[in-house]
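I have a structure I would like to understand better, so I am pasting it below and will then ask my questions one at a time.
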Amino acid sequence: MNSSPPKPVLTAESLTVDRGGHQVLSGVEFSIAQGEIFALLGGNGAGKSTTLLTFLGFVTPTSGVARVNGQSVHEDIKAIHKQVAYLPEAANLYPHLNARENLDYFLSLAKADNSRARIDSALDMVGLAASARDRRLEAYSKGMRQKVGIALAILRDAPILLLDEPTSGLDPVAIDEFNSLVVALAGEGTTVLMVTHDVYGACQVARHIGLLQKGQMVGDFRASAGNPISADEVHRKFTESHL
Amino acid sequence: MGNLALEVRYALRERVVIASLVLAFAMASYAVITGKLEVDEQRSEISTLVRETESDQDHVLGQQPDAGGAAYYVHHVTYQPPSALAFAALGSRGELPWQHRVRMLALEGQIYETDAGNPALSRLGRLDFAFLTSVLLPLILILLLYDLDGRERRDGRYELLSATSASKGSPFFVKAGARTLLLFAASATPFAVMAAFVSAPLGPSLVVAAVVALHLCFWLVICRLVAVRFTQASSSATVLLAGWLLFSMAVPAAARIVVESSVPVPAGGELLLAQREAVNDAWDLPKADTMEPFVASHPEWRDHAEVTQPFEWKWYYAFQQMGDEFVASESAQLRAGITRRDNLMGVAALLSPPLATERWLTRLAATDRAHHQRYIQCVRGFHAALREFHYPMLFGASEYSPEKMAGLPKYQPCDE
Amino acid sequence: MMDKAAVVRIAREEWRFWLRSRTAVAAAAVVFILVITSLVSTAIRIETEREARLQLQAIAEETFRSQPARHPHRMIHYGHYVFRAPAPLATADPGVDPYTGTVMFLEGHKQNSATFSPRYTQADAGPYAFLSPALTYQLLVPLLLIVVGFACLARERETRTDQLVFTMAVNPGSFWLGKSLALAALAFATLVPLGFVAGNAWLQGENGWIALTFWLGYAVYLLCWVFLITACSVWSKRASTSLLALLACWMVLNVLLPRIASSAADAWAPLAGKVQSDLEIARELRDVGDGHNANDPSFAKLRAQLLAQYDVSSVEELPINFRGVVAEAAEEELTETLNRFADRRFDQELAQAELANAFSLLSPYLALKSFSITTASTNIGQHHLFLRSAEALRFSFVQSLNKVHAEVLTYADDVNRSVDQQSEQRTRVDAHHWRVLEDFDWEPASVSDRLSGSLPFFGMLLMWALAASILGWIGTSRGAWSQDG
């Protein structure tokens, strides 16, 4: 590869977040290039979700900056939200609405095209059975809800995707389907930041992995051309850091 | 029992429980203290009235040359003294008069005054102990109990709690019982202290406490029934509030409409108009038209009933009495109607524990409609005694002398 | 910056949520049924009473005027009855009507108090037996709004769907506003029946501005609750906390404070009982001469003045009936005393009412109650107006009859009327004199008085709505939304 490295889309510059005298994040640094899938790994309470919420502007860092395309998140949250699609943990959408109604609602709030044809094509893409689309989400399995969530992310046409524990609680088939979708999106140029505690799942899709522990980055792994990240190596590091 | 004591201690660790108990205690204290102040005020007003009425009577009597004038100008005060427990339930004392100033004229024209207190305040109602127990305590209990199961479910402890409970019954019932007990203690203590302070009779005071406890038990059962059926805290709260609305407002309001439309009472205005016509027509009729029916119903005055002058006092009082008797049946109907309405409402109160509580407490405090009616009856009895006292002098059976007026009947409240 | 389309969409979505939730629909149905029932039953009751009282009024006037020839003073004691007809808007808010006497006997030398309040013949059905439309709107509709709306924001916060909404480039302010709009729309839906009542009152002769203002007051009051609910929902971490806080608010503001206000007012400024003031009046009146007795020494001055004026030496020679003149003078003096006591009583009642009204600052419920009865003119002031009009009528017919007594009857006939039947006949004056009785048309307070009287309460309601909305707004922009990671 001899072209200059792609411009970073998401950058964390020594992110520090204090909450009640306790440092949730301290000096976290990373940067994610366009089209890259970055997985932030860590145990419970490592600060993964806080990092994600900082990029969404819901958490204000005590010091340091989270940047999207070079612009500080907290300068114009609305502008950031226009470029970012977010898939919350457990894909919490509205259980009293069906898939189409959920998508229609969120898309209209985002001022995106919410035509039925477009929604249906996205649901086709994520593989949600047509028969399920008019049923309320309260009757959905977790995997089905996740599909609606990812359909929403796709429909947003956002260049950046933030995923919170996207595969936790999914069965292996659903995980595979999900992973291939994410890889396909990245292939089209979408930048992905996902937080997860699933080491092997992360290594399957991510080209770049950060290991977070007690609010600090304790490991940084990159796949080289043709060589995916070694899950065993990450796993070893993960367990070491917990000792 | 050990379980209950433990749950009481647990409950006391919760901020919401403490706040509710403090609120209940403060409201109960406020209620009994202002109730006591009001009762004191009424007592001192009564003694002033009695004193001033006596001095007024002395003054008036000194100027009267004849029996007719003495009977005409002397006013009497009647009153219903507050009972020892009235501080807990002021009941109708705030809305209907418990004092009337009467004289020897036709009584029907004097007994229906209704403007007692300030209507601007009657409209708002009072915070007395009866209101607190019948309306507010259930609400506080609902707030304390509606989320008992829901909270444990959300925190994922529900199954654990149910599974590890040693006792056979639901652990939540003991939890709820502990909270109910605490609420009862917080609200009944100020009442007990005040009852002891005014040395209210022990028996009725204990019944008051029992009524409060029963009412709380009713709501405890309702809360448990609802909490078991509705797993979502918000639905159980909605259902409980709907129940509260139903029992404290909808049932009494509906019952009132049903009772009042099924038991009509004569219109007061018509009764008054009829009574006035009966009294005043006498002026234009031959004297015999008054005296003959009068003697027919009061034969003891047959020998003294002859009227020769255009105006004689005995004829004047005779037509006053005939005016009363003319509307006696309407008046009796009115009383019977009021009593019947109240009795029916007592039956309807079986469908509404808050209403039953309120009525029970006012009855114990002697401030209910029945006691008001009894007071009115007492006034009627006193008025009859006045006639009995004055008639011999008016009809000339005995001579009028100012000294005789020392025997003028004095109003005594009837025994409750 | 508000995003209008998003706000409306959020509100619509909230409505869809309610319509799909069984408890919300059931609660709304229950409250709507109660509102309609109270509207219909109160309208029927008040209309029946109004008609009955107006009819009795007409009968009373007709009876008085058709009395046969009599001594004029007899007619003064025959007296007259006035009936208090409820104001048109009493169908919406009866105010003090159930607690005040409806019939008043007017006669010479005395100011009677009103008798037969509607309360008199009612069974004791507890504190909320009168579910007037006003009370359902003041008490129950806020409860409905609470039950339906307490979780509107807290729920989203619990499931974190709010974050997803914000990542759609919707700002928290719009989200809060959308939820408030949804709740406000529900509030306005409940106000439709009240609109019919106000409209009907307008058709019945009520001033249009009054009817409109009345309705607007309720709208602002419900808006207070809408913002209070969304504010509570914003500030609560959990829906159950929000519900608890709102129910506690409702209990304190709507059930507790009004009663504390009334018992506090009574304790601070106790009102002298009716009998007690009657006794005081009696004591004071001892110095006023008895108008039945022309020889009462109190009238010596009047006698001397009249003898001098007509240049005669005894009352028998006067061209007018001295007894009538005395009756007229005595009535005037006595009425002055009576009015002084009546005014004192009115002032005391008003002072108590104002003390209670001061609590309106603490409770929008009380502010609305005062606003409502002032606008509908069913407040204590209106009752005083009735009493004053009745007194004016009493004084006017009594004095007209005294004038007849002085000018139509001769003194000699009058003095000898008890001698025999013939003399008595000579003291009867023709029945056409009974036409001096004026119709009792008692007008509600003037429109401008009612509007200006209710203005402070309207202001308080606006303040509450504003304060609650600011509280909610701060909640959205302050960290209340930001979440733990």
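Some notes on this structure:
We call the chains A, B and C, going by the order they appear; numbering starts again at 1 in every chain.
Assume a contact is a pair of C-beta atoms (placed from the backbone, for glycine too) under 8 Å apart; a residue touches a chain by one contact, two chains touch by 3 or more.
The shown structure was predicted, so the numbers you read here are calculated from the model rather than taken from an experiment.
Distance between Cα centroids is largest for the pairing of chain C with A.
The innermost chain, defined by the distance from its C-alpha mean to the mean of all protein C-alpha atoms, is C.
Centroids built from CA atoms put chain C at 24 Å from chain B. Centre-to-centre spacing of chain A and chain B amounts to 70 Å, using the average Cα coordinate of each chain.
With centres taken as mean Cα positions, chain C sits 64 Å from chain A. Only residues 23, 26-27, 30, 34, 38, 41, 52-53, 56, 59-60, 63, 68, 70, 74, 77-79, 81, 83, 95-96, 99-103, 105, 112-117, 119-131, 140, 143, 147, 150-151, 239-240, 243-244, 247-248, 251, 255-256, 258-267, 270-276, 278-279, 282-283, 286, 348-349, 352-353, 356, 369, 373, 379-380, 383, 417-421, 423-424 of chain C touch chain B when the two sit together in their complex. Interface of chain A with chain C (complex): residues 17, 19, 24, 47-53, 56, 58-60, 77-78, 81-82, 84-86, 88-89, 92-94, 96-97, 101, 105-111. Taken in their complex, chain C has these residues touching chain A: 5-6, 9-10, 13, 16-17, 20-21, 159-161, 163-171, 481-485. Within the complex, the chain B residues that touch chain C are 16, 27, 30, 34, 37-38, 41, 45, 48-49, 52-53, 56, 59, 75, 77, 79, 91-92, 95-97, 99-101, 109, 112-128, 131, 134-136, 139-140, 143, 147, 150-151, 233-235, 237-239, 241-242, 245, 248-250, 252-253, 255-257, 259-260, 265, 267-270, 272-273, 276-277, 280, 283-284, 309-311, 334, 337-338, 341-342, 344-345, 348, 352, 354-355, 358-359, 362, 368-369.
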